[in-house]
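One chain, chain A, appears in both complexes that follow, with chain B as partner in the first and chain C in the second.
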Partner chain A sequence: MLSRVPPAARGGWLVAGVATLLLILAGFTLGNYERYLIVIWLIYSISGLGLNLPIGFGQIYSLGQGGFMLVGAYTTAIVTSTWHLPYAVALIASLVLAVVVGILVGLPAMRLRLFSLAIVTFAFGFMLFHVVKSFQFTGGPQGLFMDPLWLTDAFSGRAIYFFALLVAVLGLLASYSIAHSKSGRALLVVGQNETAARSLGINITYYKLAAFIFASVLGALAGSIHAVLTSYVAPETYAAELSVTMFAAVMIGGKGKLLGPFLGAAFIVGIPEVTQAARGLAEVIYAILFILVVTVSPGGILGILEGLIGRLRRGSIKAATAGERAP
Partner chain B sequence: MDTSLLSAAIVGGVLNGSLYALLGLAIVLIFRTTTVANFAQGEMAMFSVFILIMFADSLPLPLWGQWFVTVLVSAVAGALVYIVLLRPNPQAEHLNLTVRTLGLYTLIYAVSVYFWGANEPYTVPSLFGDGTIAIGGFHISYDQLGTILVTVVLGALFLLFFQLTQLGLAMRAVAINPEVAGLLGVNVAKITLMVWFIAGAIGAVVGLLVAPVSFLDTLLMRPYILKAFTAAILGGLYSFPGVIAGGLVLGLAESFASIWISIHLREPFTFAILLIALLLRPGGLFGRVHKVRV
Partner chain C sequence: MSGPEALLQIEAMSVRFGGVVALDEVDLTVEAGSIHGLIGPNGAGKTTLLNAISRLVEPSGGSLRFAGNDMLSYRPHQITPLGVARTFQNLGLIEESSVLDNVLVGLHTVHQGTLFDDLVRFWRRNRLEAEMRQRALRMLSLVGLEEVALTPVRQLAYGIRKNTELARACVGRPKLLMLDEPTAGLNSTEMERLAKLLARLNREEGLTILVITHHVEFLLELAHVATVLDLGRRIAHGTPQEVRNNPDVITAYIGTD
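== the complex of A and B ==
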């Protein structure tokens, strides 16, 4: 089985496996704040993993991922705290609603391409923000405070940590199996040339919609975990800027690569954390680094890393062949 | 409904619509010639207003002179954006180039908040003065009248420039096919620079028209940029008359939605218009579906 996996992917699995083991260990040893940061990173990674499929494989520019995170978060808050039902129900409701909303937005939107699609999906997120802000049952501008959930505090916060880690690993496995299936290859063809895809008998709308719904489901999962983590949902948290941030995360990490979203999420969570000391300037530094990464390396952070590794390899091969030639 | 409410809705709709249309023109101009959707267009306009009240303000010039300086500086800034942000790695795909403008959007916002965010909102003087005139029992302020006038004149000048001048012709050539235009002797890099220059200037004018009405803060252009993009898409993304019509349709629809339905549902209503329009005509109201060779 492993022999069928190309060497680059094998390296990726090695990284993912080691990282998962380290994260499991970290869950038992790290302090509360560090664990909180890692959960936030995992939340962005999960959402980004979802978004990576439409953007990276299908060239479907979705700028509405924040809207789907909003759907997951608000559904979770309303089901657990207004209706007082268990979290499992909230989780299922979030997923079902994400699929329904994904189809409602996706069916008309998937007829569009590129930037028209980007603006329509952006407008969708923008609209949802205004909707939850103006209705009473979504808490209006103040948002909703949630009842304390078992998952939020269990094992001094470790339950939510391992739950987020589990979802991230499952999301990665799902992304991998889709990317390497017939559907993933079909989506790649659709992304590269729709007319060619159609002439090959690929049902374009079906694959595009499926990718869009995959993103909406992972987005809603991420939103649901975020609501549980913070015990509070507010419109501003899921404003249109979140969609821009998620799109940026996928692009900064390296689109179309499964580890890209994790790197992109690390960037958008990590940089503000590291530059906290610069206070007001932190945002400016973040923006400059953002521009630098995407301008210098269109392949994102993963592109930079792969370039470095490639150079090291070539260097070592050269050194080895030079050693052979030496008398 | 009485006529004064009706005419107020029409004036308000045309006013906002013309601003969406003008900002949309800048977006379509850049999109047509470089296939970059400039998400930073709104923030660039917001920054221009800060240039006026932070720097141009102290020049010993009348207000219209300060306006002129601001527009000129903004145009140069637009050209600089192209040189610094979009010239490196030009072989990157258009999505990458567009994401760079998302980065610029983040940067301009962060810089403005850092320098000026603490004291917002600011008042910005209007070029047209206070006061109203009555037309047939209905009052319209100098400011509204001036704004509509400026947008109409600027829009018309722009269309004429694009259709009738040598430079406009070169821009159209680059828009249709940059490679062929280059082979025919058009200096594509120079034309692209000019495009960003003009877009910077148009953005500045929109910002300067918006700011006196709605106080200046760092979020000034946020409602406008999405509407401008919506107008552009309604117009088919490639057509200048299309984006102008799209802006006016959007402005009027919004204005009537807020008096007939509810002011709170204005934003969702905009989205509904966009979705329905695109459902019926995926290429936009005035656009045509672009055929692609395999």
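== the complex of A and C ==
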């Protein structure tokens, strides 16, 4: 009677599967600019998927995701263009560095909670921004222009498009795997009640750190793809504002929901496109959305949609609720 | 006192919070296979004692031995594998998750899977998850929760949530189950059902139970032994009947003059 995939997740798989197919088709048919926008969207989605694990499952409110994107982007730029090594090396270096930085920041930060943790992670992103701005080998304030990479231009930009799509799909699969297994459940308990978690034999620091490293790895991957896409890394791109934007994207999309980051990222990319005429309007809309979501619907926009679908279903099928049955 | 070796042995345990003495040289011996009641007025230190056994608070003195282990050398999350499980007064459940998922958390230390299995070795993860799910479902049918297995906890009534927490604590087959006020908020029917269930777990699974409760009837029906705390001290110890008629206990509950 129990199937492996919970009923709520089935609709999600349908959406994700159809979207992936459409995106594959779009990769062949859309023009350069549209494809570029989609890659940017996927980059934010990948980074958001990472951040969704600590925020949505572990209640670890990290405000340093931009810092991890910076690590991936700058590592990629330096390895490919200063050292002239292949992109594969840059990718591995980005991942290794993301893990190392994740541990270095996470180990002390995971002892903190809520506000203190948010401040410490924010300071980390802020610090990295100033570090890359001050040093010669990171290009100082102007940043680094990268050598043209095969991946950037291959198949008139389609290579990077499909690479970003592949990473996003893998990121989603990884998130799903964690969410529906021992680790995800442990992380949920840690987020909800640390005392209960301890008494259930859950090593809190281990799972918090793992979630944080998951975020740093996906953040660095996103940063690396971004560097390849634009062939240029500059401090301003990865300023503290990016961390705030990523945080807001996860919250707006719906924290703890696997497709939430994709929705949140769509708002980051979509709103400036729609409001191109009026400068600054995108930020205002974005801020209002954030405030609305946090105050009105903690489940984010996806939470509102799920609520609506649930209501429609309940309207049509008088579901047999066994909820009130006493044991 | 000879007899079977005690499962849990606490000697002269003290706990201080700043200047407040929450436990003052308390002795407690829980025999394997017994149901042991822990009673006392509010602020007597009952929950503190449970927290000390769970290693959630650090005692300032005394010894704590469980099944031959010196528990004071263990960290809180290392206690569960030794065979100690507990419930809380304010249920520590995952509200959005199903009853089944919540009970699966109780198998955390039994579950052999690692983070690497969860992420990469999905074939191993799926096999282990299926095994654990079977086990959790068996536990759910034992406590009569199989019908709500897939219902999110937040949609359920309080009594069912309490039973979910009980199932989560029992599913890992602990040696010692500690219950903090399992009767609070239950009506008399639910309470009777709980007493029957606990007696059955004790009889059939050999589960040793240490239970805090305010309900004397519940205690008299269920417990083999009772310990009474008042203001951080042990003031009485014996069978529930003996304890009920102990003049010190009556004084502690009703007051003097």
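Note that in this section the second predicted complex is superposed on the first by the 298 of 327 C-alpha atoms of A that agree within 3 Å, B and C clash if a C-alpha of one lies under 4 Å from a C-alpha of the other, contacts with A are read in each partner's own complex, and residues count from 1 in each chain.
One rule holds for everything that comes next: a residue touches a chain if its C-beta (ideal position, glycine included) is under 8 Å from a C-beta of that chain, and two chains touch if they have at least 3 such contacts.
Quantities reported herein were computed from a predicted structural model and do not represent experimental measurements.
Once the two complexes are overlaid on the shared chain, A:186 sits against chain C while remaining clear of chain B.
Look at A:295: by the touch rule set out above, it reaches chain B but stays clear of chain C. Applying the stated contact rule after C-alpha superposition, one finds that A:177 touches chain C and leaves chain B untouched. Of the two partner chains, chain B and chain C are each touched by A:199.
In the superposition on chain A, A:210 contacts chain C only, with no contact to chain B.
When the shared chain is aligned, no partner comes close enough to touch A:267: not chain B, not chain C.
Once the two complexes are overlaid on chain A, the chain A residues touched by chain B in the first and by chain C in the second are 193, 195-196, 199. Residues of chain A touching chain C in their complex: 2, 4, 6-7, 174, 177-178, 181-186, 188-189, 192-193, 195-204, 210, 256, 321-327.
Only residues 59, 61, 108-109, 111-112, 115-116, 118-120, 122-124, 126-127, 130-131, 134, 193-196, 199, 240, 244, 247-248, 251, 280-281, 283-284, 286-288, 290-291, 294-296, 298 of chain A touch chain B when the two sit together in their complex.
Across the complex, chain B meets chain A through its residues 31, 37, 39, 85, 88-89, 92-93, 95-96, 98-100, 102-107, 109-111, 113-114, 226, 229-230, 232-233, 237, 264-265, 267-268, 270-271, 274-275, 278-279, 282, 284, 292-294.
Here chain C touches chain A in the complex through residues 54-56, 76-81, 85-86, 88, 92-98, 100-101, 104-106, 108-109, 111, 113, 115, 117-119, 122, 125-126, 128-129, 132-133, 137, 143-145, 147-151, 155-157, 159-160, 163, 168, 189-190, 193, going by the rule given at the top.
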